[in-house]
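The chains carry the letters A, B, C and D, assigned in the order they are written, with residues numbered from 1 in each.
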C-alpha cells in the first residue's frame, strides 16, 4: 500500500513550509521577522504548483480514505488562494502589532493543512482529524492578541463551543460506527442504504449529531453564537480566515458527509438543513442590520452567507443525482465566489484599522474622499457579498437560484423566497456602509488611511478577481460543472 | 458482555459532561467536563468495536478512540493555555465574566 | 452589409465603459475638460449608434441585425448574444441620445457636490447597462445588463440627490433588486423547462419565443408571475410604484431624465420582449390583471398628481399614469397594443425626460420645487421657459398632434379589440378599461393644467418679483432642442411605428399560441 | 374640380403662418399680423374656389387623398390626408371667412397688447386646428384636429392669464371639453373596432359611413359609438349640461370669442355629427337623444341670455341656444337644416361678437349697463350689430330666418314621418323641436332686442359718468355675479343697488380689472368713439354676408337667380347621404355598397336607388307638411321637383320651400317678442341711470313705467324672475356646482389617494416591512447575550429540536 505522494504533495509542501516558518522565526529577530510572511506565501504558491497538475486526475491513497479528484482540486485551490490573500492582508497587520509573528504563520499554515485534507477525506476519522487540525490552531489564533481581553474572550468562546460541538459530533460518529461498523463514507452509504425507509430514530439522531459538528464550523444557526464574538475579538486577518477558509472547510466536510455518506437519507437531513438555511440567513441578516462594528457586521453577514450556501443542501434528494449534482455545484460555486470579496472586505477593514484602530461604521465616513480606492474596493466587495453587479456575487446568487429552480419543488421555492427576502435585507446594511463611505463627510481630525503597498496590491487583485469573474464566470463554473462533482466525491 | 452496559455508561458520562459544560462557571471544570464527554465517546467506540464489530480487521473503533485521546489531549492543552491567558488578563477563570462582546 | 457587422454593436454598447475609464483616468482638477470630454465621449457613442441606425435595414426589422453570438458561460449554456431589431432600435438610439443630452446638460449644470468625473463615469456605466438590456438576446445576458443598471443609479441618486437621497436611493435599489430576483427565478425555471423541451439554446430569447410556449399552462402561469414581479416593479405597475416618486424626487435632474427616459422602459420592454412571447399562455392568464392594474395606475397616478405640491414628484407620479397606458396596451396582446406600448415608451421617454429637464432647471432657478412657493408668474419672469413647460405638458397630457397621443390612443384602441384568447372571456372588462383609461386622460389634463396655472400663469409673487431669474440658457437650448423636436415630430409623423412594425408583427405571431 | 386637390393648402397655410409668426413675428413691422393675414387671405381664396367648384357641380364625389400614414399595429393604419366634399367645402369657406375677418379685426382690436404676436400665432394655429378637423378623411385625424382646437381655445381663453379667473376659465373650458373627449375617443374606438371586422381602413369616415348605411355594423356598436361621440360633441358644442365652459370662455379676448363661437370651436361637434351622419341615422335612440338634448339646450339657454348684463354673455348663451337648434335639427333628420344653420350662424354670430368687441373696445366695459345710446357714437357698429341681431332673431330674409325655418320644417317632416311609420317617439321629438324651437326663437328675439335697445338706444351711461374704479367694479361684478346684475334691472330693487355697488367695489379691489378684455389703464376716459377701419371692415363684410348666405339654401333662391339644382343642399349633400335610410322608419333599405360604388363609377349623378313608387309618393308631398303615405321611402321624403329622380331629390333635409305656416308662426313670434322688448327697454334703460337719482324728475320718469308694469309683471317678471333665474340658477348653481364639486371631490379623492392610500397603505406597507425588520432585528440581537454557556445551551437546544423534529418524529 504505497503512498501516492503526488496526491498529498500540497499538504506536504504546506507542512514543510510551516516547519520552515517556525524555524526561520526562531532565527530572525526584530523587523526581519516579518519576512516569514513572504516565505509562507512562497510555500502557498508552491503548493498551488503541486495542486494544479492534479486536475483531471483521480487519485486515491491511504486505503481510499484520501481521494484527490477535480472536486478536491477546486476546493484546494480555493483554500490556497485564500491563504495567499490572507497572508497578504496579514503582513502589515502582524508586522506592526509585533506579537508572535512566527507562531501566527505557523498556526495559519497548520490550519490550512487541515483544510487541504478536508475535501479529500473519505473517512470519518480523517474528517475528524482534519477538522481538529483546522480548529485547534484557530483557537490559538483567536487569542493571539494575548494582552487583549477581547481576544482572550474570543478564544475561550470559540474554544468552548468548538470542543462541545466536536464532542457532540464524536458521539454521533461513535453511534454511527455502532450502527454501520465502518467509518468509511462510502461504506456508511452502503450500510445506510440497507435500512430502507424506516431507520431507527437513534440512527437519524447520530446522523444529525455528525452534521452538527460541521454546523458549528460553518456557523449555522443555532451553532453560530461563537462567530460574531470570536470574529470581533480576534485579530482581523484571523477573523477573515475564520469567516472564509475555516467555513469553507466546514462546508467541504459537510458536503462529504451529507452527499456521500448520508445520501440515502437525504430526505431526513435535506429539510433539516433547509430549515437551518432559512434560520441562518434570516437571523444573520436581521441581526447584522443592527451592528455598528464593522467586524461584527461582517461576522453576521458571513453567518447569513452560510445560510445561502446551505440552501442547496435543502434541495438534495436521495437518488436524484442531477439535483444533488446541481446542489453541490451551486454550493462550491458560491463558496468560490464568496471567498474573494469576503477576504477583500476584511482587507479593507485592516487598511482602515491600521494605525488608527478604526473599526465602527462611523469610522468609514467619507472614505470615498479620504481614500477613493479603498472605498471603491469596499463597495465592490460589499456589492459582491450582496450579489449585485458588476461582481461575481451576482453569479453566486444566480447559482443558488439555479439550483433551486432545478429542484423545482415547493420547498425549493420556499427557500428561494427566503433567499430573495434576505438578499434585500442584506443590501440594506451593505448599502448603509456604502452610503457612509461615499455620501457622508469624514469627521474632523480623522486619521489618514494608509494601507501600504502590499495591502493595496492584494486588495486590487481581489477587486480585479471579483470583477473579472463577473465578466467571465465560466472561469469557475466551467471548472465546477465540467467535473461530475458528486460522482467525483465517492 | 452485553452492549447495553457500556452504552448506558457512555450516555451517562456524556450527559454529565454536558451538564458540566452548561452549568459550571469555572473554566477548568468546564474543560474537564468536555473531557468527560470525549471519554464517553471513547467508551462507545471501544464497546462497539469489541462487542459488535469484532471481525473488523483494522479495529476501526479502537483506532478511532486512540485518535480521540490524542486530539483531546491537544485540545485540553490549548484550552488550558487559553484559560490561563484569560486568568492573566482579568484574574478570573469564571467564564460568566467573559461577556464583553455581545449583541 | 453593414448590418452584419456585429462588432459594431458591441463597440457601441461598450464604448461608454471605455469612456468611463477614460474619464476616471483624467485628473480631477480639470473639471471643465472632464465635462467636455464627457460630451465628446457620449457624442462618439451617439455617433456609433447613428451609424447603426443608418446601417439598419428597416424593411426587415423583424430580423436580428448586427448580430453577435459567442459562447459565454458553457456551464449553463449562456451565450453572448447581441442583436438589434425594430423593437430595440428606437430604444437603443434613445438611450444614446438621452445620455448625450444629459452630458451636454451637465457641462453647465451639475448638482451638489460637483465631482463631474464620478458623475459622468457613472452615467456612462449606466448607459451601457441600459442599452445592453435592449440589445441582449440571451436571458442571462439580459439579466446581467438589467442588474448592472442598479448600481450607477444608486450612486447617482445617493451622491447627487436631494435631502432624502439615502432613503430614496436605498429604496430604489432594494425594491428593484427584490423584483429582479423573482425575475431570475422565473428565468431559470423557463430555462429548465426549455432544456427539458430540448431547445438547443435554452437561454436564447429568440429560440424561446419561437418555441411558442414552453411547459404546461400551470408552469407558465407561475413562471410568468415571477417574471411579472420583476418587470412590474421596474415599470412600475401599480401598486409596485412607490419607489418611483421617491427616486425621481430625490434624483438629480440627469438621473431623473435617464430614469424616466430609459430605466422604466426596461420593464415594459421586458414584458414585450420576454414575458409575452416566451410565456404566451401565462400572459393570457395575466393579461386582464395587467390591464386592470394599468388602468388603476392611470387613474391613481393622476389622482396622486393632483395631490402633489412638488413639481418633480408630480411629474414622477405622472409617469405612473403614463406607464399605465403602456401596460394597458401590453395587456391587449395584439399588434396594436404592442405597437402602442412601444410607442408610448418612446413618447414617454422623450416627453417626461424633457419634463424632468424642465423641473431640474426650475429647481436651479427657484431653488425650490414647491408649487405653492413658486406661486405662478413664471411666464412673466421666464416666458420662453414657461412656454416650453406648457408645450411639453400638453404633449404629456396626450394631446393629439404631439408625441404623447399615439401611445394612449393606440392602447385604448387595442384594448377594445384584445387578442382573441382574451376577448373570449374578458371583452366586457376591457371595454370598461377603455372607458376608465379614457377618463384618466381627463384627470391627466386636469393636473397638468393645474400645474401650468399654479406655476406658469398669473403674476409673480412678491418673493420672486424682484428676483432675476434667467430664462432658458444656451446650454439648455442645446440639450433640449432634440427632445423638443422629437416631442413635436413624433406627433404628426409617428415614424417609430414604421420602424417597429415588422418586428411587432413577428413578435405577435409568437403570441398566437396563447 | 382640381381646386379640391389643393384643400391641404388651406390647412397648411395657417400652420406655416403660425410657425413663422411664432419664430419671427416680433421682428416684423406689423408684429406678425401681416403673415397671418396673408396666409388666411390666400387660404380664403382657395377655399372660395373650392366652395364655388363644389357648389356649381352639385353633390360632388369626395376627393380623398392620403399624404402620410403609419401602421398603428398590423393592418390598422394611421392616415393623414384630406377628404373634400361639399360639407368640407362649406366648412372651409366658413372657417376661412370668419378667421380672415377676425384676424383683420384683431389687428386693430389687439393693438398694443403685450403679446400681440403670440396672439396672432395662436389665431393661425386655432384656424389650422379646425381645418385639420374639417378636411379629416378619418376619425383619427378628426380627433387630432378636435383636440388641437381644444388646446388652442385653452391657450386663447386664458390669454389674459395674469388673472386667475381667466386661467380658471381656460382650465374649465379645456377640462369640460376633455371630459367630452372621453366619449369621443372611446366612441371612435368603438366604431373603428366595429369597422375593423369588415375593412382594414378602420378610421376612414367614408368606410364607416358606408358600412353603417349598408347595415353592416352591429346595433350595439352604432348606439354605443354614436352616443359616446355625441358626448364629445355635446361638450365641444356646448350642449346642456356640458355648456358650462362656454360663458366662462368669454374671458378670452373678443375676437377669440368670435372665432370660437362662429367657426372654429363650437361648430366642431355639430360638424362631426354631420360628417358621421349616416352612422348616427342608423339608430333611433341616438337620434332621439340628439333631438332631446338639442331642444333642451336651445330652449333653456335662451332664457338665461335674457338676464345677462354682460353683452358677451348674452351672446354666449345665445350661441348655446343656437347650437341647440343645430343639434336638434340633426336629431330630427334635418341634416341640411342643421349644417345650414351652422353656416349662417357662423357669419352673424361672428358679426355680433365683433360688434360687441367694437363696443367694448370703445367703452372698456362688457356691461350693457355701461352702454346705452351708442347709436350716436358708433353708427357703423350700430347698423352692423342690428343686422346681426336681426339675422340671429330670424327676421325675414336674413340668413337666420332661412336656416331657422328649415330647422322647424325638418322637425315637422320628421314628426309626420314618424307618425306615418308608427314610431311615436319620432313624432314626439319632431313636435317637441318644432314648438320649443318656435318658442326659443321668440326668446332669442326678445333678448337680442333687449340687448340692442339697451346698448344703442336711450342715453349713454358709460364711463363718462363714472370714475374708472367704478367701471372696474362693475366689470368685476358683471362677471362675478350675473344674478346681481339681473336684479339691478329690477326697479324695485334699485335703491339697494347703491349698497351693492359699494360692496362690489370692495370686491373689485381684489380683482382689479378682471374679466375685462381691455385694461388700458385708467388714463383719461372720454366719450366713446367709433372704431377704426379694420374693425369696421370686418363688421361690414360680415354684415353684408349675413344676409345673402341665407338665400343659398332658402326657398327664395330661385327667385334671386339661383337654381334649385345648385343650392346649399346639393352643395353639402353626398351620394351616400342620399342613399341612407333610417332603419327604424318604415321601408328601410340598407345601402347596397356594391351598387353605390358601381354608381360612382358610372358618374356623379347616378340614380339614387329611386323607383317609380317612391317618386310617385314623393310627388304627392306638397309644400305644406302633409304626412307621407305609408310605404313611402320616408327618408327621401320631401320635395321632388320635377320628379326626375335627379340629384336634387335630396335626402335628410328640410325643403327650401316656402312653408306658410312656419313662416307665419315664426314671424308672429318675432314681432311679438321684439315688441315686448321695445316696450320694456326701447326708450331708455329703466334703472341705474343717473337721471333716476335726480329727485322729482326721477319720479316722473319712473311713472312712465306704470304702463309697462302689466306686461312687465305679467310676462317678464314670471319669466325673468322665475323661469330664467331657475334656468340660470340651475346653470350656475347646480351644473356649475356639480362641476365645482366634481373638482373638489376629485381633489379630495386625489388627496385620499395620495396621502392615505399611496403614502400610508402601499408605501407604508413597504416601509413597514423594512421597519418591522429593523424592529425584529433589534429584538433578535438580544439573543447574542455574550454568555458562552447560554450559547452552548442554545446550541444544545437546537440539536435537540433537530433530532426531535427530523429524527424522532419520523
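Everything that follows uses one rule, which is that a residue touches a chain if its C-beta (ideal position, glycine included) is under 8 Å from a C-beta of that chain, and two chains touch if they have at least 3 such contacts.
Bear in mind the structure is a predicted one, so any value in this text is a computation, not a measurement.
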Name the chain pair with more contacting C-beta pairs, choosing from B-D and C-D. C-D
Argmin over chains of |mean CA - global mean CA| returns C
State, to the nearest whole Å, the distance from the C-alpha centre of chain B to the C-alpha centre of chain D. 99
Mind checking the centre-to-centre distance between chain B and chain C? Centres are C-alpha means, answer in whole Å. 65
Taking each chain's mean CA coordinate, chain C and chain D are separated, in whole Å, by 40
Taking each chain's centre as the mean of its CA atoms, chain A sits from chain B at a distance in Å of 26
Can you list the residues of chain C that touch 2 or more other chains? none
Can you list every residue of chain D that touches 2 or more other chains, as numbers and ranges? 781, 784, 786, 788, 792
Which chain A residues sit where two or more other chains touch them? 156-157, 160, 164, 228-229, 290, 428
Mind listing each pair of touching chains for me? A-B, A-C, A-D, B-D, C-D
Seen from chain D, its contact residues with chain A in the complex are 770, 773-774, 776-778, 780-781, 783-784, 786, 788, 790-792, 794-795, 797-799, 802-803, 805-808, 810
Chain A contact footprint on chain C (complex, rising order): 72-76, 140, 143-144, 147-148, 150-151, 154-155, 158-159, 165-166, 169-170, 173-174, 177-178, 181-182, 184-185, 188-189, 191-192
Once bound in the complex, which stretches of chain A touch chain C? 383, 388-390, 394, 397-398, 401-402, 404-406, 408, 413, 416, 419-420, 423-424, 427-428, 431, 434-435, 438-439, 473-474, 477-478, 480-482
Contacting residues of chain D [partner chain C, same complex]: 68, 70-74, 76, 78, 80, 140, 143-148, 151, 154-155, 158, 161-164, 167-168, 170-171, 174-175, 178-179, 181-182, 185-186, 189-190, 192-193, 196, 746-747, 749-751, 753-755, 757-758, 762-763, 766
Residues of chain A that touch chain D when the two form their complex: 156-157, 160-161, 164-165, 168, 198-199, 201-202, 204-205, 207-209, 212, 216, 221-223, 225-226, 228-229, 268-269, 271-272, 276, 283, 286-287, 289-291, 425, 428
